[in-house]
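Note that chain A is present in both complexes that follow, paired respectively with chain B and with chain C.
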Partner chain A sequence: MTQPAPSAQHNGPDKGALAGPSDAPPSKTGGGRPALGLRLDVRILSLLGVLAALILVGGITEPDSFLDTGNLQLILTQASVIGVVTVGMTFVIISGGIDLSVGAMVALASVWATTLATQEYGFAGIAFTAVVVGLAAGLVNGVLIAYGGMVPFIATLAMLASARGLALQITDGKTQIVTVDSVLNLGLPDSYFLGIPPLVIMFAAVTVIGWLVLNRTTFGRRTVAVGGNAEAARLAGIDVRRQRLYLYLLSGLCCGIAAFMLIVLAGSGQNTNGNLYELDAIAAAIIGGTLLSGGRGTIVGSVLGVLIFTTITNIFALNNLQSDVQQIAKGAIIVAAVLVQRRTLRGGET
Partner chain B sequence: MPETSRRGLLFGASAISAGALLTACTSNEPKNAQPASNSQPAADDKPGKPVTIGFAGPQADHGWLNAINVNAKSRAEKYSEVTLEITEGSNDTAAQIGQVKTLINKKVDVLVILPADGKALTQVGLEAMRAGIPVVNLDRIFASPQAYRCWVGGDNYGMGLNAGHYIGEQLKGKANAKVVELAGIDNLELTKQRSQGFADALKNYPNIKLVARQAAEFTVESGQAKMAQLLQAQKQIDALWNHDDDQGVGALRAIQQAGRDEFIMVGGAGAKSAMDAIKADNSVIKATVLYPPTMAASAIDLARALGQSKGVSGLSEMEIPTSLTLYSAVVTKDNIDQYLPTGFN
Partner chain C sequence: MAPEPPLLTMSGITKSFPGVRALDGVDLEVQAGEVHCLLGQNGAGKSTLIKVLAGAHQPDDGEITWRGEAVRLKSPIAAMRLGIATIYQELDLVEGLSVAENVFLGHEPTSAGFIVRTGEGRLAAKALLARLGHPEIDPARAVGDLSAAQQQIVSMARALSHDVRLIVMDEPSAALDPDEVDNLFRIVDSLTADGVAVVYISHRLEEIRRIGDRVTVLKDGRAVAVGLPAADTPTRDIVAMMTGRDVEYVFPPRPDEASENITEPVLRVQGLSRKGEFAPVDLELRPGEIVGLAGLVGSGRSEILETIYGARKATTGTVTVAGKQLRPGSVRAAVAAGIGLAPEERKAQALLMTESVTRNVSVSSLSRFARVGWIDRGGERRAAQQATRELSLRPDNPDTPVRTLSGGNQQKAVLARWLLRGCRVLLLDEPTRGVDVGARAELYAVIRRLADEGLAVLLVSSEVPEVLGLADRVLVLREGHVVHAAPAQELDEHRVLDLVMEGSPTP
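Let's look at the complex of A and B:
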């Protein structure tokens, strides 16, 4: 899942048209392509290096509890919900936008899907409601930004406030406990498939689909084009507005799926769900090499960013470090990861 | 393009119908809804002179605070002569100061304030007192005793202490017992007090060691995440103290997911879901240390007594006391029925 190989495969000189997003800037000479391919590899490799270093630290400090299958399942499960949100966020950021409302959309979708009235419709009712509420919120964002001419930062900030407010109104501050067994059981070890929790399978599926869409479809290339230069994209015949609408819809969809996964994980819906997801998702995407100004980014990088964050949290908790130390170290590690990446990149270029 | 418009029409129609279906799903009313009620008013029940009580609290974004509002409202309704002026809750200090000032300008007879931040609202408490409006300070205490006439609140240190003593007694005679603590938000002073009380109580039991502590955020999601990590770190434990029953819903989920049941769990704050589980006695949770939201009802009683210049029945004092620290009771299967009505959702 985290192999860098696929992005290298399609960098042959005869496949220029299929080139991935990082290949968007035109090379000065014909011989530039392999160098650009290498550049992508170095970026992903440095992330893998950071992850390997973290695993080493975890293995040395807590050999008994860090290096076992239970912990691997735990890290991947904890990464799954925010991971799905990050995939959607990556698309939006590549297109030059931002979605600050992801956490609030997760909260709204998760409480709407766990009201007593929704729970009467069982598994399907909960899953359907979560996804549709996410889509609807994403649609509002998309329409406001694409056709209302609002800046993404403002439109999604407004959605953040309203969706959180609506979530609070629905729950009235109460914790909505799920009583539908089929939903609850999905989060328990009995339903693990070959030792893989269903949530992790869903995360992997969203990642693979996201990768395919970004790298192998017109939609993906249009996303990169809009983010690289919206005016050029418009002149090239891309309906930039519609593309933007679809992208915020996609982010909403990812939040809806994530909300359902969170319901399965926590066995409940609460208006405080998804707290600060927007920051976590943006941070993971940026650590993963997505350019905040748009035009460049990879799904693999973002997912690695999420895994790095989750692994850090896991190692800290296993070592019984308290939240003050955790927060200080997390900030330091973000800076270190980005610096290491830049340094390796520069080394790879010259 | 006709194709686009047809597609648009179809999409619009399906969006509207999905919306209609979904709006029907926001209802959260249980079949027979009954607000968390409590026992009879403690003060003198006979109607006296009319009193207008202003109530300002933080945003009720989680179960306990919500129960505070419900308790205040339902207690005020019990008195025919009491009018309750309740403001929209806010977690923003500036907004809450504005709300309290509005209540002062309305010249309410007594104020009940549960500040979002006790220290930050001290000034407006002083202002009310200077304007001749007695203030009942609820739970989060003002920085100056001049800012309130009477303080009613929970005992966070005592909550940790009583949780520690309960666990200590349960694990008596067990050598090298391991205890884990799932704390609340570390930024809050009350979390520090609870942890301090817990640590102090455990000092009485040399056979018990606190092996791990992690702080969650009073939310189900954080409770699940932190508990899952704690269980992964500690393969075998004897007891767990969780500061808050809301995050305890997530913690219990993590315990279920890890398939663990070798220890006893003690909760905190007294949510109905935790009490139901204690009563059913089919999970690890055996007790919860109460931080009763009924204190809001007591505050209304005291505010009414202040407004009518009465003392509190049962005490021989002429005036009501300046501070009232509530006892953090340990609720177990034995006394659960008594406390079940105070549990919040």
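Let's look at the complex of A and C:
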């Protein structure tokens, strides 16, 4: 009952987050009441800025080839596969975990879905197998971590090794060519919808669904709670273990979808598929503003992270720069992004 | 012969933290070769004072004189160089390293400046351990494999590995068995015989009588008595000095007693125990009743609360809510049955610090606002706002990040969580920790009002006046046992403190 007015005013400055994007306001969830639920916080804006700058660089250095429709379609298509993996990874990292096995799960799902036996069942057989194998691997991760008490790093590292091994065993190191036309057609320009490749539409759908799940559902809320403070979540009555299980299942599901997309893109299944996807996905999530310690992250940021990485790769390739230079640039971007993150974090939490 | 200057003099030490003045001009004087005891209730400033002495905190004001010379203890290393060693309650050992490596951590005997002479370190550690009466501890063993008492010995060996003149021991007996305590006292005796001074912190008056030379009593950040003789100051006087306070808390009035006994108990705890933590406890809570648990740190009070809540699994016994027995060790079962907990460590155990008030309040009732997992955010926000308004949480804006709230308002956010959930039994563990004195009265009123509205409240607090002022009935705990149970009106602070410290209920 005492002095409501002064304390209400006291809160004023914090609500002005939208007013001054330059002075690094805290970019946590719930900081201000978002108009449409979409928060254009500094980090997202700066990622958009980086992406715009990259497009500018691409447009200037290679004006013809970079801005070509076919090239833009290629960038988006390449971003799609790793993008879907990154959406799942983002959930896992927000929950305070990590999934090192995503690349291996993509490989395993892609080879299992392209065996001769599976291909006999056509489109449905391939798609179904890819998703189920991803889910199964995710289930193993989830059970080991949530109920076996294993550290996510170790459990998924073990999955990385064994899933790759299993993928090699299935293929015997050979490339499994896909002969199902309905699958291959998805990658052809004929099936583009308004000039947008189907894989990009799938990626967009996964992104939108991921955003909705994270921001609008109890599942998303619990994910953030578990990552932000697992003990508080447990004492608030949340089933933390079940939530963790679901999260690794989700990551496996995303890998299954990505495996299917990769099959469409490559027209084959290979045990070397998805190599180092785990690092690309983690890096994209991190530069997108997801906190590696959990509790905070955005789907939009992660997707922008993926687009930035893919665009860099594309520009470098168009400019005939070797992949070693690309790798160095990627590393520099990660470092820069994390340093910026540390600064905003310090500004936000005193 | 001129009297030798005291080994250590601290005068007018002041230290403030945001919102709290932890030390308000404290004086302390320690002579070489004495055991100087530091007494005070939780929050009296003991920890802060020894951290200043250890160089871990810098005082805002005040002077420190060491062997007649003014000094500044800029860092723990500076204090160590002077010969001041501190053995904290939470031992600061590296479990993966060996005993010898821990003893000489940071000042290993080396060849050519960087090659650690392991053998020499072990021999030296062996000698130190023998001096401490524990030659059986193998210097090559990993510290993590040792018992708590042995780890404490290692910690002391580390202190002695420096040229130490003053050792601060923070509740060294808390984790020890009686014969280990005897050994501890032998060590203290041999140290003082060598001219080393010991600053000894303990809650146990009988220990202080046994080994203490002089006593300094702290209360509310001030030294209320300096250098009293430990052997013959009456217990009553010491307790009076520890408790007499300037701030009078304002407690809400209790309802008429008659109404209470009519209702059936909503919470029934029977024979609940946890091995090594607390002996079987029985208690009943009726709607509208506040029951307090009084006891020192380590008396099992928080553990009892957390076991009722299912956050710890009971060794024996049952918890029944409204006639339904709960599955042991399941927080979800407890929450589903209508129990809510406001835990001791609000930030670590209850709050999602980066999230808004709304999300902190709704986290236990999410499914109520969700259809097939889809959250009705408008409804969630309105309900959270209603709950926080009922508790007059300030600022009245459910989008405020919870970390920007004051301690009292953060606590209200936790209470609002359970109000929204519609719980019947509220477990409060140190509800006013980190809450300004001014805001406490309001929180007390809120708690009493919740009880009047039919909630059953179980309250744990290390502040005896809080338990006595707020609760209807009080259970006094000592070392895991309920030593006394009585209506709050029949107890006073001295009586409760006598009970928790001496543990001998006089009939």
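Everything below uses one rule, namely that the second predicted complex is superposed on the first by the 295 of 350 C-alpha atoms of A that agree within 3 Å, B and C clash if a C-alpha of one lies under 4 Å from a C-alpha of the other, contacts with A are read in each partner's own complex, and residues count from 1 in each chain.
Please note the rule applied: contacts are C-beta pairs under 8 Å (C-beta built on N, C-alpha and C of every residue); 3 or more make two chains touch, one makes a residue touch a chain.
This one's a predicted model, so the numbers in the text were calculated from it and none came from an experiment.
Q: When the two structures are overlaid on chain A, which partner does A:43 contact: first (chain B), second (chain C), both, or neither?
A: Touch status of A:43: no partner.
Q: Classify the contacts of A:225 with the two partner chains as first (chain B alone), second (chain C alone), both, or neither.
A: second
Q: Looking only at contacts as defined up top, I'd like to know whether chain B or chain C touches more of chain A.
A: Ranking chain B and chain C by residues of chain A touched puts B first.
Q: Identify the partner contact of A:295: answer first if only chain B is touched, second if only chain C is, both if each is, neither if none is.
A: A:295 sits against chain C, while chain B stays out of touch.
Q: Once chain A of both complexes is superposed, is A:217 in touch with chain B (first), chain C (second), both, or neither?
A: Touch partner of A:217: chain C, not chain B.
Q: Which partner does A:244 reach: the first (chain B), the second (chain C), both, or neither?
A: Neither chain B nor chain C is touched by A:244.
Q: Touching A:234 in the superposition: chain B (first), chain C (second), both, neither?
A: second
Q: Should A:170 be classified as contacting the first partner (chain B), the second (chain C), both, or neither?
A: first
Q: Residue by residue on chain A, keep only those touching chain B in one complex and chain C in the other, then list them.
A: No residue sits in both footprints.
Q: Mind pulling up the chain B residues that touch chain A in the complex?
A: Touching chain A: residues 15, 18-19, 22, 24-30, 59-63, 65-66, 186, 211-215, 217-222, 224-226, 228-230, 232-235, 246, 249-250, 253, 256-259, 271, 273, 344-345 of chain B.
Q: Note which residues of chain A are touching chain C in the complex, please.
A: 1-4, 7-8, 10-11, 14-15, 26, 28-33, 37, 216-219, 221-222, 224-225, 228-229, 231-239, 295-296, 349
Q: How about chain C: which of its residues touch chain A in the complex?
A: So the residues of chain C in touch with chain A come to 309, 311, 331-332, 334-336, 341, 343, 348-356, 358-359, 363-364, 366-367, 370, 373-375, 377, 392, 394-397, 399-401, 403-404, 417, 421, 442.
Q: In their shared complex, at which residues does chain A touch chain B?
A: Going by the criterion above, the answer is residues 62, 64-65, 70-71, 74, 77-78, 112, 115-118, 121, 125, 129, 132-133, 136, 139, 168, 170-177, 187-189, 262, 265-268, 270-275, 313-314, 317-320, 322-324.
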